[in-house]
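Note that the chains are named A, B, C and D in the order they appear, and that numbering of residues resets to 1 at the start of each chain.
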Amino acid sequence: MAPRMTVADLDAFLRAELPGMTSNGSLTIECADGKTCRLRQRYSDQMLRPGGTISGPTLMALADCAMYVIVLSAIGPVALAVTTSLNINFLRRGVAGHDVIAEAKLLKLGRRLAVGEVTLLSGSSPDPIAHVTATYSIPNM
Amino acid sequence: MAPRMTVADLDAFLRAELPGMTSNGSLTIECADGKTCRLRQRYSDQMLRPGGTISGPTLMALADCAMYVIVLSAIGPVALAVTTSLNINFLRRGVAGHDVIAEAKLLKLGRRLAVGEVTLLSGSSPDPIAHVTATYSIPNM
Amino acid sequence: MAPRMTVADLDAFLRAELPGMTSNGSLTIECADGKTCRLRQRYSDQMLRPGGTISGPTLMALADCAMYVIVLSAIGPVALAVTTSLNINFLRRGVAGHDVIAEAKLLKLGRRLAVGEVTLLSGSSPDPIAHVTATYSIPNM
Amino acid sequence: MAPRMTVADLDAFLRAELPGMTSNGSLTIECADGKTCRLRQRYSDQMLRPGGTISGPTLMALADCAMYVIVLSAIGPVALAVTTSLNINFLRRGVAGHDVIAEAKLLKLGRRLAVGEVTLLSGSSPDPIAHVTATYSIPNM
(Lines give C-alpha, C1' and ligand atoms only; values in the text may rest on other atoms or scores of the structure.)
Protein backbone atom coordinates (compact mmCIF):
# COMPACT_ATOMS: atom_id res chain seq x y z
CA MET A 1 0.00 0.00 0.00
CA ALA A 2 1.44 3.36 -1.00
CA PRO A 3 1.52 6.06 1.66
CA ARG A 4 -1.44 8.40 1.42
CA MET A 5 0.62 11.48 2.24
CA THR A 6 4.17 12.44 1.32
CA VAL A 7 6.62 13.79 3.88
CA ALA A 8 5.95 17.30 2.53
CA ASP A 9 2.17 16.77 2.93
CA LEU A 10 2.65 15.45 6.45
CA ASP A 11 4.91 18.33 7.37
CA ALA A 12 2.39 20.93 6.18
CA PHE A 13 -0.49 19.11 7.92
CA LEU A 14 1.40 18.89 11.19
CA ARG A 15 2.37 22.56 11.12
CA ALA A 16 -1.29 23.46 10.75
CA GLU A 17 -2.63 20.98 13.30
CA LEU A 18 0.08 20.89 15.96
CA PRO A 19 1.73 24.32 15.88
CA GLY A 20 3.02 23.84 19.44
CA MET A 21 5.12 20.82 18.47
CA THR A 22 6.42 22.19 15.20
CA SER A 23 7.10 25.83 15.93
CA ASN A 24 10.62 27.12 15.24
CA GLY A 25 11.42 24.11 13.08
CA SER A 26 12.31 21.91 16.03
CA LEU A 27 10.55 18.81 14.65
CA THR A 28 11.50 17.14 11.36
CA ILE A 29 9.77 14.21 9.67
CA GLU A 30 12.73 12.35 8.18
CA CYS A 31 10.70 9.66 6.43
CA ALA A 32 7.21 8.10 6.39
CA ASP A 33 6.03 5.35 4.06
CA GLY A 34 2.63 4.24 5.38
CA LYS A 35 4.13 1.53 7.59
CA THR A 36 7.06 3.20 9.34
CA CYS A 37 8.25 6.72 10.01
CA ARG A 38 11.15 8.53 11.65
CA LEU A 39 10.94 11.91 13.40
CA ARG A 40 13.75 14.01 14.82
CA GLN A 41 13.27 16.58 17.56
CA ARG A 42 16.12 19.05 17.78
CA TYR A 43 17.67 19.24 21.22
CA SER A 44 16.76 22.17 23.43
CA ASP A 45 17.41 22.78 27.14
CA GLN A 46 13.66 22.85 27.70
CA MET A 47 13.63 19.06 27.24
CA LEU A 48 15.61 18.47 30.42
CA ARG A 49 14.35 17.41 33.81
CA PRO A 50 16.30 17.41 37.10
CA GLY A 51 19.52 15.43 36.75
CA GLY A 52 20.10 16.62 33.20
CA THR A 53 18.15 13.85 31.49
CA ILE A 54 15.49 14.17 28.79
CA SER A 55 12.09 14.52 30.48
CA GLY A 56 9.35 11.93 30.27
CA PRO A 57 6.77 14.38 28.90
CA THR A 58 9.15 15.29 26.05
CA LEU A 59 9.39 11.62 25.09
CA MET A 60 5.66 10.94 25.47
CA ALA A 61 4.74 13.97 23.34
CA LEU A 62 7.19 12.98 20.61
CA ALA A 63 6.01 9.36 20.60
CA ASP A 64 2.38 10.44 20.38
CA CYS A 65 3.28 12.71 17.47
CA ALA A 66 5.14 9.88 15.69
CA MET A 67 2.06 7.67 16.01
CA TYR A 68 -0.08 10.45 14.56
CA VAL A 69 2.32 10.83 11.61
CA ILE A 70 2.35 7.12 10.86
CA VAL A 71 -1.44 6.89 11.01
CA LEU A 72 -1.81 9.93 8.74
CA SER A 73 0.79 8.46 6.42
CA ALA A 74 -1.26 5.26 6.20
CA ILE A 75 -4.83 6.59 6.00
CA GLY A 76 -4.52 10.19 4.79
CA PRO A 77 -5.30 13.56 6.37
CA VAL A 78 -7.80 12.62 9.08
CA ALA A 79 -7.42 15.25 11.75
CA LEU A 80 -9.82 13.49 14.06
CA ALA A 81 -7.88 10.30 14.57
CA VAL A 82 -7.25 10.29 18.32
CA THR A 83 -5.03 8.36 20.69
CA THR A 84 -7.01 5.95 22.85
CA SER A 85 -4.13 4.51 24.85
CA LEU A 86 -0.38 4.81 25.20
CA ASN A 87 2.09 2.72 27.18
CA ILE A 88 5.68 3.83 27.69
CA ASN A 89 8.67 2.12 29.27
CA PHE A 90 11.58 4.42 30.11
CA LEU A 91 14.79 2.47 29.54
CA ARG A 92 17.85 4.74 29.67
CA ARG A 93 18.65 8.38 30.24
CA GLY A 94 18.53 10.57 27.17
CA VAL A 95 21.60 12.74 27.02
CA ALA A 96 21.59 16.56 27.14
CA GLY A 97 22.77 18.08 23.89
CA HIS A 98 21.52 15.29 21.62
CA ASP A 99 18.47 15.28 19.36
CA VAL A 100 15.73 12.78 20.16
CA ILE A 101 14.74 10.38 17.37
CA ALA A 102 11.41 8.52 17.17
CA GLU A 103 11.18 5.45 14.95
CA ALA A 104 7.59 4.24 14.61
CA LYS A 105 6.15 1.09 13.07
CA LEU A 106 2.51 0.13 12.49
CA LEU A 107 1.69 -3.21 14.09
CA LYS A 108 -1.92 -3.22 12.88
CA LEU A 109 -4.10 -1.01 10.74
CA GLY A 110 -7.72 -2.03 11.19
CA ARG A 111 -10.92 -0.29 10.24
CA ARG A 112 -11.40 1.15 13.71
CA LEU A 113 -8.04 0.95 15.44
CA ALA A 114 -4.41 1.39 14.51
CA VAL A 115 -1.74 0.01 16.83
CA GLY A 116 1.92 0.89 16.59
CA GLU A 117 5.19 0.88 18.46
CA VAL A 118 7.71 3.69 18.76
CA THR A 119 11.37 3.36 19.70
CA LEU A 120 12.94 6.53 21.09
CA LEU A 121 16.67 7.11 20.64
CA SER A 122 19.12 9.72 21.91
CA GLY A 123 21.50 11.03 19.28
CA SER A 124 23.23 8.23 17.40
CA SER A 125 23.28 5.62 20.19
CA PRO A 126 21.63 2.34 19.10
CA ASP A 127 20.23 1.64 22.59
CA PRO A 128 16.66 2.92 22.93
CA ILE A 129 15.92 5.40 25.72
CA ALA A 130 12.23 4.52 25.75
CA HIS A 131 9.75 2.18 24.06
CA VAL A 132 6.11 3.03 23.41
CA THR A 133 3.06 1.18 22.18
CA ALA A 134 -0.03 3.21 21.34
CA THR A 135 -3.50 2.78 19.91
CA TYR A 136 -5.30 5.27 17.69
CA SER A 137 -9.03 5.28 17.04
CA ILE A 138 -9.89 5.89 13.40
CA PRO A 139 -13.17 7.74 12.80
CA ASN A 140 -15.76 6.36 10.42
CA MET A 141 -15.06 7.67 6.96
CA MET B 1 2.37 7.18 57.95
CA ALA B 2 2.54 10.97 57.98
CA PRO B 3 3.43 12.69 54.73
CA ARG B 4 7.14 13.53 54.54
CA MET B 5 6.52 16.89 52.86
CA THR B 6 3.78 19.45 53.30
CA VAL B 7 2.00 21.04 50.37
CA ALA B 8 4.17 24.14 50.84
CA ASP B 9 7.34 21.99 50.78
CA LEU B 10 6.15 20.17 47.69
CA ASP B 11 5.28 23.39 45.97
CA ALA B 12 8.73 24.88 46.60
CA PHE B 13 10.45 21.67 45.53
CA LEU B 14 8.47 21.46 42.32
CA ARG B 15 9.13 25.07 41.41
CA ALA B 16 12.85 24.40 41.76
CA GLU B 17 12.87 21.04 39.98
CA LEU B 18 10.26 21.44 37.26
CA PRO B 19 10.19 25.14 36.41
CA GLY B 20 8.63 24.40 33.01
CA MET B 21 5.50 22.87 34.57
CA THR B 22 5.10 25.43 37.32
CA SER B 23 6.00 28.71 35.66
CA ASN B 24 3.40 31.50 35.83
CA GLY B 25 1.51 29.75 38.61
CA SER B 26 -0.40 27.47 36.26
CA LEU B 27 -0.02 24.38 38.48
CA THR B 28 -1.41 24.14 42.00
CA ILE B 29 -0.99 21.29 44.48
CA GLU B 30 -4.38 21.30 46.20
CA CYS B 31 -3.59 18.52 48.68
CA ALA B 32 -1.09 15.71 49.30
CA ASP B 33 -1.05 13.38 52.31
CA GLY B 34 1.49 10.66 51.50
CA LYS B 35 -1.15 8.38 49.97
CA THR B 36 -3.19 10.63 47.69
CA CYS B 37 -2.81 14.05 46.11
CA ARG B 38 -4.76 16.44 43.90
CA LEU B 39 -3.24 18.85 41.39
CA ARG B 40 -4.98 21.53 39.33
CA GLN B 41 -3.60 22.87 36.07
CA ARG B 42 -5.16 26.17 35.07
CA TYR B 43 -6.67 26.12 31.60
CA SER B 44 -4.73 27.74 28.78
CA ASP B 45 -5.28 27.61 25.03
CA GLN B 46 -1.89 25.95 24.67
CA MET B 47 -3.45 22.76 26.07
CA LEU B 48 -5.65 22.28 23.03
CA ARG B 49 -5.15 19.99 20.07
CA PRO B 50 -7.11 19.99 16.79
CA GLY B 51 -10.84 19.73 17.43
CA GLY B 52 -10.65 21.88 20.56
CA THR B 53 -9.96 19.08 23.00
CA ILE B 54 -7.26 18.90 25.68
CA SER B 55 -4.13 17.35 24.15
CA GLY B 56 -2.74 13.97 25.16
CA PRO B 57 0.72 15.36 26.02
CA THR B 58 -0.90 17.88 28.40
CA LEU B 59 -2.61 15.02 30.24
CA MET B 60 0.45 12.76 30.25
CA ALA B 61 2.69 15.54 31.62
CA LEU B 62 0.20 16.39 34.36
CA ALA B 63 -0.26 12.73 35.35
CA ASP B 64 3.50 12.21 35.48
CA CYS B 65 3.80 15.29 37.69
CA ALA B 66 1.03 14.06 40.01
CA MET B 67 2.85 10.73 40.42
CA TYR B 68 6.04 12.63 41.26
CA VAL B 69 4.19 14.70 43.87
CA ILE B 70 2.65 11.68 45.52
CA VAL B 71 5.97 9.83 45.65
CA LEU B 72 7.70 12.90 47.12
CA SER B 73 4.87 13.28 49.59
CA ALA B 74 5.39 9.69 50.69
CA ILE B 75 9.18 9.38 50.75
CA GLY B 76 10.49 12.94 51.02
CA PRO B 77 12.53 15.16 48.69
CA VAL B 78 14.25 12.62 46.45
CA ALA B 79 14.84 14.41 43.18
CA LEU B 80 16.16 11.29 41.52
CA ALA B 81 13.03 9.19 41.72
CA VAL B 82 12.24 8.51 38.05
CA THR B 83 9.29 7.18 36.13
CA THR B 84 9.93 3.71 34.75
CA SER B 85 6.61 3.16 33.00
CA LEU B 86 3.33 4.92 32.38
CA ASN B 87 0.09 3.66 30.85
CA ILE B 88 -2.71 6.03 29.88
CA ASN B 89 -6.23 5.40 28.62
CA PHE B 90 -7.93 8.42 27.07
CA LEU B 91 -11.62 8.22 27.93
CA ARG B 92 -13.45 11.46 27.05
CA ARG B 93 -12.66 14.82 25.54
CA GLY B 94 -11.45 17.45 27.97
CA VAL B 95 -13.29 20.69 27.39
CA ALA B 96 -11.67 23.96 26.33
CA GLY B 97 -11.91 26.60 29.03
CA HIS B 98 -11.83 24.22 31.98
CA ASP B 99 -8.96 23.47 34.34
CA VAL B 100 -7.59 19.95 34.36
CA ILE B 101 -7.54 18.13 37.70
CA ALA B 102 -5.32 15.15 38.55
CA GLU B 103 -6.28 12.93 41.48
CA ALA B 104 -3.52 10.45 42.31
CA LYS B 105 -3.48 7.49 44.66
CA LEU B 106 -0.57 5.25 45.68
CA LEU B 107 -1.31 1.58 45.00
CA LYS B 108 1.99 0.36 46.39
CA LEU B 109 5.03 1.89 48.02
CA GLY B 110 7.84 -0.64 48.05
CA ARG B 111 11.54 -0.23 48.72
CA ARG B 112 12.38 -0.06 45.03
CA LEU B 113 9.16 0.74 43.21
CA ALA B 114 6.12 2.91 43.80
CA VAL B 115 2.98 2.25 41.75
CA GLY B 116 0.07 4.64 41.54
CA GLU B 117 -3.00 5.54 39.58
CA VAL B 118 -4.10 8.98 38.44
CA THR B 119 -7.60 10.01 37.41
CA LEU B 120 -7.76 13.09 35.17
CA LEU B 121 -10.85 15.29 35.26
CA SER B 122 -12.04 18.27 33.24
CA GLY B 123 -13.48 21.08 35.32
CA SER B 124 -16.14 19.84 37.72
CA SER B 125 -17.44 16.89 35.68
CA PRO B 126 -17.29 13.61 37.64
CA ASP B 127 -16.50 11.54 34.51
CA PRO B 128 -12.75 11.07 34.07
CA ILE B 129 -11.20 12.22 30.81
CA ALA B 130 -8.23 9.88 31.21
CA HIS B 131 -6.88 7.21 33.57
CA VAL B 132 -3.20 6.57 34.20
CA THR B 133 -1.15 3.97 36.02
CA ALA B 134 2.54 4.64 36.49
CA THR B 135 5.58 3.17 38.18
CA TYR B 136 8.40 5.12 39.80
CA SER B 137 11.80 3.72 40.63
CA ILE B 138 13.05 4.79 44.05
CA PRO B 139 16.81 5.19 44.36
CA ASN B 140 18.71 3.47 47.15
CA MET B 141 18.82 5.78 50.12
CA MET C 1 -28.90 2.29 33.39
CA ALA C 2 -30.11 -1.10 34.56
CA PRO C 3 -27.81 -4.05 33.99
CA ARG C 4 -28.70 -5.98 30.86
CA MET C 5 -28.02 -9.36 32.44
CA THR C 6 -28.58 -10.66 35.95
CA VAL C 7 -25.93 -12.58 37.86
CA ALA C 8 -27.79 -15.79 37.02
CA ASP C 9 -27.81 -14.85 33.30
CA LEU C 10 -24.12 -14.00 33.41
CA ASP C 11 -23.28 -17.21 35.18
CA ALA C 12 -25.10 -19.33 32.59
CA PHE C 13 -23.53 -17.37 29.73
CA LEU C 14 -20.03 -17.75 31.14
CA ARG C 15 -20.44 -21.49 31.71
CA ALA C 16 -21.39 -21.88 28.06
CA GLU C 17 -18.74 -19.55 26.64
CA LEU C 18 -15.76 -20.09 28.94
CA PRO C 19 -16.08 -23.66 30.20
CA GLY C 20 -12.35 -23.74 31.02
CA MET C 21 -12.65 -20.92 33.55
CA THR C 22 -15.87 -22.05 35.14
CA SER C 23 -15.52 -25.82 35.32
CA ASN C 24 -15.90 -27.45 38.74
CA GLY C 25 -17.53 -24.37 40.17
CA SER C 26 -14.24 -22.61 40.86
CA LEU C 27 -15.46 -19.19 39.64
CA THR C 28 -18.34 -17.29 41.23
CA ILE C 29 -19.88 -14.00 40.09
CA GLU C 30 -20.72 -12.38 43.42
CA CYS C 31 -22.37 -9.28 41.94
CA ALA C 32 -22.67 -7.32 38.70
CA ASP C 33 -24.76 -4.20 38.16
CA GLY C 34 -23.76 -2.82 34.74
CA LYS C 35 -21.07 -0.58 36.21
CA THR C 36 -19.18 -2.77 38.66
CA CYS C 37 -18.80 -6.47 39.36
CA ARG C 38 -17.03 -8.79 41.77
CA LEU C 39 -15.77 -12.28 40.96
CA ARG C 40 -14.27 -14.88 43.29
CA GLN C 41 -11.95 -17.63 42.15
CA ARG C 42 -11.68 -20.45 44.66
CA TYR C 43 -8.11 -21.20 45.68
CA SER C 44 -6.41 -24.21 44.15
CA ASP C 45 -2.77 -25.29 44.22
CA GLN C 46 -2.70 -24.96 40.43
CA MET C 47 -2.69 -21.18 40.88
CA LEU C 48 0.78 -21.18 42.43
CA ARG C 49 4.10 -20.35 40.82
CA PRO C 50 7.58 -20.94 42.28
CA GLY C 51 7.90 -19.38 45.73
CA GLY C 52 4.31 -20.22 46.64
CA THR C 53 2.73 -17.05 45.27
CA ILE C 54 -0.31 -16.75 42.99
CA SER C 55 0.86 -16.87 39.37
CA GLY C 56 0.63 -13.94 36.99
CA PRO C 57 -1.36 -15.89 34.36
CA THR C 58 -3.96 -16.77 37.03
CA LEU C 59 -4.43 -13.07 37.80
CA MET C 60 -4.46 -11.98 34.16
CA ALA C 61 -7.04 -14.63 33.22
CA LEU C 62 -9.28 -13.66 36.13
CA ALA C 63 -9.00 -9.93 35.35
CA ASP C 64 -9.81 -10.54 31.69
CA CYS C 65 -12.85 -12.56 32.75
CA ALA C 66 -14.01 -9.81 35.15
CA MET C 67 -13.81 -7.27 32.31
CA TYR C 68 -15.86 -9.60 30.12
CA VAL C 69 -18.49 -9.96 32.85
CA ILE C 70 -18.78 -6.22 33.39
CA VAL C 71 -19.08 -5.53 29.66
CA LEU C 72 -21.75 -8.24 29.30
CA SER C 73 -23.52 -6.85 32.34
CA ALA C 74 -23.60 -3.42 30.70
CA ILE C 75 -24.41 -4.27 27.06
CA GLY C 76 -26.01 -7.71 27.15
CA PRO C 77 -24.98 -11.13 25.80
CA VAL C 78 -22.53 -10.18 23.04
CA ALA C 79 -20.18 -13.12 22.76
CA LEU C 80 -17.98 -11.33 20.24
CA ALA C 81 -16.84 -8.48 22.44
CA VAL C 82 -13.06 -8.96 22.51
CA THR C 83 -10.20 -7.59 24.59
CA THR C 84 -8.03 -5.20 22.60
CA SER C 85 -5.50 -4.34 25.29
CA LEU C 86 -4.71 -5.15 28.91
CA ASN C 87 -2.20 -3.61 31.29
CA ILE C 88 -1.37 -5.23 34.62
CA ASN C 89 0.78 -4.07 37.53
CA PHE C 90 1.69 -6.78 40.02
CA LEU C 91 1.79 -5.20 43.46
CA ARG C 92 2.04 -7.82 46.20
CA ARG C 93 2.25 -11.58 46.53
CA GLY C 94 -1.06 -13.40 46.60
CA VAL C 95 -1.08 -15.91 49.41
CA ALA C 96 -1.43 -19.67 48.98
CA GLY C 97 -4.69 -20.97 50.43
CA HIS C 98 -6.73 -17.84 49.84
CA ASP C 99 -9.34 -17.18 47.16
CA VAL C 100 -8.60 -14.48 44.61
CA ILE C 101 -11.18 -11.68 44.29
CA ALA C 102 -11.57 -9.41 41.25
CA GLU C 103 -13.40 -6.11 41.68
CA ALA C 104 -14.05 -4.44 38.32
CA LYS C 105 -15.37 -0.99 37.46
CA LEU C 106 -16.29 0.48 34.07
CA LEU C 107 -14.38 3.70 33.39
CA LYS C 108 -16.05 4.30 30.03
CA LEU C 109 -18.71 2.63 27.95
CA GLY C 110 -18.60 4.02 24.42
CA ARG C 111 -20.18 2.82 21.22
CA ARG C 112 -16.98 1.10 20.11
CA LEU C 113 -14.83 0.69 23.18
CA ALA C 114 -15.34 -0.12 26.84
CA VAL C 115 -12.54 0.67 29.30
CA GLY C 116 -12.41 -0.65 32.83
CA GLU C 117 -10.17 -1.23 35.77
CA VAL C 118 -9.88 -4.36 37.91
CA THR C 119 -8.44 -4.59 41.41
CA LEU C 120 -7.26 -8.07 42.40
CA LEU C 121 -7.31 -9.04 46.07
CA SER C 122 -6.07 -12.05 48.03
CA GLY C 123 -8.52 -13.37 50.60
CA SER C 124 -9.77 -10.62 52.88
CA SER C 125 -6.69 -8.34 52.80
CA PRO C 126 -7.57 -4.79 51.70
CA ASP C 127 -4.23 -4.31 49.89
CA PRO C 128 -4.53 -5.17 46.20
CA ILE C 129 -2.18 -7.83 44.82
CA ALA C 130 -2.53 -6.51 41.26
CA HIS C 131 -4.22 -3.71 39.33
CA VAL C 132 -5.44 -4.01 35.75
CA THR C 133 -6.81 -1.67 33.12
CA ALA C 134 -8.27 -3.20 29.98
CA THR C 135 -10.09 -2.19 26.81
CA TYR C 136 -12.80 -4.18 25.08
CA SER C 137 -13.91 -3.66 21.50
CA ILE C 138 -17.69 -3.75 21.11
CA PRO C 139 -18.92 -5.11 17.78
CA ASN C 140 -21.43 -3.15 15.72
CA MET C 141 -24.91 -4.17 16.77
CA MET D 1 27.55 -11.34 26.66
CA ALA D 2 27.15 -15.10 26.43
CA PRO D 3 23.85 -16.56 27.59
CA ARG D 4 24.03 -17.84 31.14
CA MET D 5 21.89 -20.90 30.44
CA THR D 6 21.67 -23.17 27.40
CA VAL D 7 18.34 -24.19 25.90
CA ALA D 8 18.69 -27.56 27.62
CA ASP D 9 19.32 -25.82 30.97
CA LEU D 10 16.35 -23.54 30.45
CA ASP D 11 14.13 -26.42 29.48
CA ALA D 12 15.03 -28.40 32.62
CA PHE D 13 14.59 -25.32 34.82
CA LEU D 14 11.19 -24.51 33.35
CA ARG D 15 9.93 -28.08 33.74
CA ALA D 16 10.85 -27.93 37.43
CA GLU D 17 9.52 -24.42 38.07
CA LEU D 18 6.46 -24.20 35.83
CA PRO D 19 5.15 -27.76 35.49
CA GLY D 20 1.70 -26.46 34.52
CA MET D 21 3.02 -24.74 31.37
CA THR D 22 5.37 -27.50 30.30
CA SER D 23 3.45 -30.67 31.06
CA ASN D 24 2.93 -33.12 28.19
CA GLY D 25 5.63 -31.45 26.13
CA SER D 26 3.36 -28.71 24.84
CA LEU D 27 5.96 -25.94 25.22
CA THR D 28 9.30 -25.91 23.39
CA ILE D 29 12.14 -23.40 23.76
CA GLU D 30 13.40 -23.18 20.18
CA CYS D 31 16.28 -20.81 20.92
CA ALA D 32 17.57 -18.42 23.59
CA ASP D 33 20.81 -16.47 23.44
CA GLY D 34 20.69 -13.99 26.35
CA LYS D 35 19.11 -11.26 24.23
CA THR D 36 16.32 -12.97 22.29
CA CYS D 37 14.38 -16.21 22.54
CA ARG D 38 11.67 -18.09 20.68
CA LEU D 39 9.11 -20.39 22.26
CA ARG D 40 6.52 -22.59 20.56
CA GLN D 41 3.31 -23.74 22.23
CA ARG D 42 1.73 -26.71 20.49
CA TYR D 43 -1.86 -26.10 19.49
CA SER D 44 -4.59 -27.62 21.61
CA ASP D 45 -8.35 -27.04 21.62
CA GLN D 46 -8.05 -25.79 25.20
CA MET D 47 -6.49 -22.59 23.82
CA LEU D 48 -9.71 -21.51 22.12
CA ARG D 49 -12.26 -18.98 23.29
CA PRO D 50 -15.75 -18.41 21.83
CA GLY D 51 -15.58 -17.77 18.09
CA GLY D 52 -12.72 -20.24 17.61
CA THR D 53 -9.89 -17.80 18.24
CA ILE D 54 -6.89 -18.25 20.54
CA SER D 55 -7.79 -16.96 24.01
CA GLY D 56 -6.20 -13.91 25.61
CA PRO D 57 -5.09 -15.79 28.72
CA THR D 58 -3.25 -18.33 26.52
CA LEU D 59 -1.31 -15.50 24.88
CA MET D 60 -0.62 -13.66 28.15
CA ALA D 61 0.65 -16.82 29.85
CA LEU D 62 2.93 -17.64 26.92
CA ALA D 63 4.30 -14.09 26.72
CA ASP D 64 4.98 -14.04 30.46
CA CYS D 65 6.81 -17.36 30.11
CA ALA D 66 8.88 -16.05 27.18
CA MET D 67 9.94 -13.04 29.27
CA TYR D 68 10.94 -15.40 32.09
CA VAL D 69 13.02 -17.50 29.67
CA ILE D 70 14.81 -14.50 28.23
CA VAL D 71 15.60 -13.10 31.69
CA LEU D 72 16.89 -16.50 32.86
CA SER D 73 18.90 -16.79 29.68
CA ALA D 74 20.50 -13.42 30.41
CA ILE D 75 21.09 -13.61 34.17
CA GLY D 76 21.08 -17.32 35.03
CA PRO D 77 18.77 -19.52 37.13
CA VAL D 78 17.10 -16.97 39.42
CA ALA D 79 13.75 -18.45 40.31
CA LEU D 80 12.69 -15.34 42.17
CA ALA D 81 12.73 -12.91 39.27
CA VAL D 82 9.10 -11.76 39.10
CA THR D 83 6.97 -9.88 36.61
CA THR D 84 6.14 -6.38 37.82
CA SER D 85 4.06 -5.24 34.85
CA LEU D 86 2.80 -6.51 31.52
CA ASN D 87 1.04 -4.68 28.70
CA ILE D 88 -0.58 -6.57 25.82
CA ASN D 89 -2.20 -5.38 22.61
CA PHE D 90 -4.31 -7.97 20.83
CA LEU D 91 -3.91 -7.41 17.08
CA ARG D 92 -5.41 -10.28 15.08
CA ARG D 93 -7.21 -13.56 15.69
CA GLY D 94 -4.99 -16.55 16.26
CA VAL D 95 -6.19 -19.46 14.16
CA ALA D 96 -7.43 -22.78 15.54
CA GLY D 97 -5.13 -25.63 14.62
CA HIS D 98 -1.92 -23.61 14.55
CA ASP D 99 0.87 -23.49 17.12
CA VAL D 100 1.48 -20.17 18.86
CA ILE D 101 5.01 -18.75 18.63
CA ALA D 102 6.50 -16.19 21.03
CA GLU D 103 9.53 -14.20 19.91
CA ALA D 104 11.01 -12.18 22.77
CA LYS D 105 13.71 -9.52 22.80
CA LEU D 106 15.36 -7.78 25.77
CA LEU D 107 15.04 -4.01 25.52
CA LYS D 108 16.97 -3.35 28.71
CA LEU D 109 18.80 -5.42 31.29
CA GLY D 110 19.49 -3.27 34.34
CA ARG D 111 20.59 -4.19 37.82
CA ARG D 112 17.05 -4.06 39.16
CA LEU D 113 14.74 -4.28 36.17
CA ALA D 114 14.66 -6.11 32.86
CA VAL D 115 12.31 -4.85 30.14
CA GLY D 116 11.44 -6.81 27.04
CA GLU D 117 8.99 -7.10 24.22
CA VAL D 118 7.30 -10.25 22.91
CA THR D 119 5.71 -10.70 19.51
CA LEU D 120 3.10 -13.48 19.34
CA LEU D 121 2.52 -15.27 16.03
CA SER D 122 0.02 -17.86 14.83
CA GLY D 123 1.54 -20.69 12.80
CA SER D 124 3.72 -19.38 9.97
CA SER D 125 1.90 -16.08 9.33
CA PRO D 126 4.25 -13.09 9.57
CA ASP D 127 1.54 -10.79 10.99
CA PRO D 128 1.65 -10.75 14.79
CA ILE D 129 -1.52 -11.73 16.68
CA ALA D 130 -0.43 -9.82 19.79
CA HIS D 131 2.38 -7.62 21.06
CA VAL D 132 3.55 -7.52 24.67
CA THR D 133 5.93 -5.41 26.71
CA ALA D 134 6.79 -6.58 30.20
CA THR D 135 9.03 -5.67 33.11
CA TYR D 136 10.74 -8.13 35.42
CA SER D 137 12.18 -7.25 38.81
CA ILE D 138 15.58 -8.83 39.43
CA PRO D 139 16.31 -9.71 43.06
CA ASN D 140 19.52 -8.54 44.71
CA MET D 141 22.18 -11.17 44.13
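Odds and ends about this structure:
The rule is simple: a residue touches a chain if its C-beta (ideal position, glycine included) is under 8 Å from a C-beta of that chain, and two chains touch if they have at least 3 such contacts.
Nothing here was measured: the structure is a model prediction, and the numbers come from that model.
If you take chain C and chain D together, the chains in touch with both are A, B. Taking the CA centroid of chain A as reference, the farthest chain centroid is that of C. With each centre defined as the average position of its C-alpha atoms, the distance from chain A to chain B rounds to 23 Å. One simple way to say how far apart two chains are is to compare their mean CA positions; for chain B and chain C this gives 28 Å. Chain B and chain D have Cα centroids separated by 34 Å.
For chain A, the set of residues that touch two or more other chains comprises 84-85, 87, 89, 135. Every residue of chain C that touches chain D in the complex is listed here, in rising order: 17-18, 20, 46, 49-51, 53, 56-57, 60-61, 64, 79-80, 82-90.
Of all residues in chain D, those touching chain B in their complex are 84-85, 87, 112-113, 135, 137.
Taken together, the chain B residues at the contact with chain C in this complex read 87, 89, 91-92, 107-108, 115, 117, 128, 131, 133, 135.
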